[in-house]
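Letters A, B, C and D mark the chains as written, and numbering starts fresh at 1 in each.
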Amino acid sequence: MLQLRYFASLRESLGIGDEQVELPDNVHDLPGLTRWLQERDPTWKSALADSRLHVAINQEIVKVDAAIRDGDEIAWFPPVTGG
Amino acid sequence: MLQLRYFASLRESLGIGDEQVELPDNVHDLPGLTRWLQERDPTWKSALADSRLHVAINQEIVKVDAAIRDGDEIAWFPPVTGG
Amino acid sequence: MIRVQTEDFDAGAELEQLRSSHKGQAGAMVSFTGLVRDLNAGDTVTQMTLEHYPGMTEKALQRIEQVANERWELTATLIIHRVGPLTPNNNIVFVAAASCHREQAFRACEYMIDTLKTEAPFWKKETLSDGTRWVEQENSV
Amino acid sequence: MIRVQTEDFDAGAELEQLRSSHKGQAGAMVSFTGLVRDLNAGDTVTQMTLEHYPGMTEKALQRIEQVANERWELTATLIIHRVGPLTPNNNIVFVAAASCHREQAFRACEYMIDTLKTEAPFWKKETLSDGTRWVEQENSV
């Protein structure tokens, strides 16, 4: 299982803040997971196409080609604006 | 009349914090006043020889060759250490 | 120490705490307080809501504090960030550093707030008279 | 605003005052608090006495505040300096700047305390276990 999380404007665009999905067989990295989500639903297709989005795996910011393992928590969010 | 003021370690070296003196006839600037004070008393002679001392005239820091006028308030003090 | 909370904080009490926890050792304390402004990008803001990523937020703040303590000689540091609905002039964030040397305290405090603003997962949403909008990164204070 | 006083100050109350005097305009407040350390140049300090030049002190602090307000975009500034006898961990000085922009507040606050330390006529005398000594400029925090 993967724990997926969406924050802020992305959460609002998608209409959900988190979901659990089975790790798809052919998904081994972030580009693969993103593609799988985009093919699953047109809302994800456009929302995850935003190049400004950051991704954290297990609560650490990762690069765009990061590996994905079963059990990971993957979060997408826009640039942070706290402080 | 001149109002003379001494602060901090200089005040302690001289034993007084302020005094009033008549403006000497031949004194027109700070070097002249300093010389006059040093000739007046050996304690002043050594104490005012400290090149680190700052001088303020009428509560504004001045350069070593500043002019002196009757009625001025002249203060000598070591480098400041507040804050 | 780091804290993420919905409640307000008392900057004076926090500074007092920072001071008394290191009696006589620190000569300098520098603090930054971030406040909700009533105007942003020319529009009147009536409310500001802070969303965050629980878990990751705490890790990010702890790392910021840790790096600051590695880079500078500090006797104490503190980061407090509020989340949830806030109104103009409310406190948002408080960052403080205590040190024997004022320059170290300034550099550490500024580093912590600068890094928080680019790395800690908080997002601001403004309520204006005619709707809401998410704050863009370049608009933040 | 500037104040020279023998009494202690409450940093929190001062920050609160700074904040409420500019409701909603300032997004950032930076403060510096200077404290009496219990150790200086390796020696235990039991008391610290602050001497100043009444009249010139106020002028110097006002000029520092004025220059800060000319150089940076500030909504409020404050300088408080204590004089007379103090003990370790006591407050000595409080400098604060409020601005719409945090970088401006940091620069202004640091400018004010840096300039105060080189231009405002205050002198520190320490009481040690075996006597007293005037603090030398290079030893100050």
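The rule we apply is simple: contacts are C-beta pairs under 8 Å (C-beta built on N, C-alpha and C of every residue); 3 or more make two chains touch, one makes a residue touch a chain.
Owing to the predicted nature of the structure, the values given are computational and were not obtained by experimental measurement.
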Checklist entry - What is the chain whose Cα centroid lies farthest from the Cα centroid of subunit C? => result B
Next on the checklist: Centroid from C-alpha atoms only, then distance subunit B to subunit D, rounded to Å. What do you get?
Outcome noted: 27
Checklist entry - Using mean CA coordinates as chain centres, what's the subunit B-subunit C distance in Å? => result 49
Item to check | Chain centre separation in whole Å, for subunit D relative to subunit C (CA means) | outcome: 23
Item to check | Residue numbers of subunit B (touch at least two other chains) | outcome: none
Checklist outcome for this item: Among all residues of subunit D, those touching at least two other chains are 34, 113, 141
Checklist entry - Among the chains present, which pairs are found to touch? => result A-C, B-D, C-D
Item to check | subunit B-facing residues of subunit D, complex | outcome: 34, 50-53, 55-56, 59, 81, 92-93, 113, 116-125, 134-137, 139-141
Checklist outcome for this item: Within the complex, subunit D is touched by subunit B residues 5, 7-9, 11, 56, 59-61, 75, 77-83
Next on the checklist: For a test of understanding, state which residues of subunit D touch subunit C in their complex under the given definition.
Outcome noted: 10-16, 19-20, 23-39, 88-89, 100-102, 105-106, 109-110, 113, 141
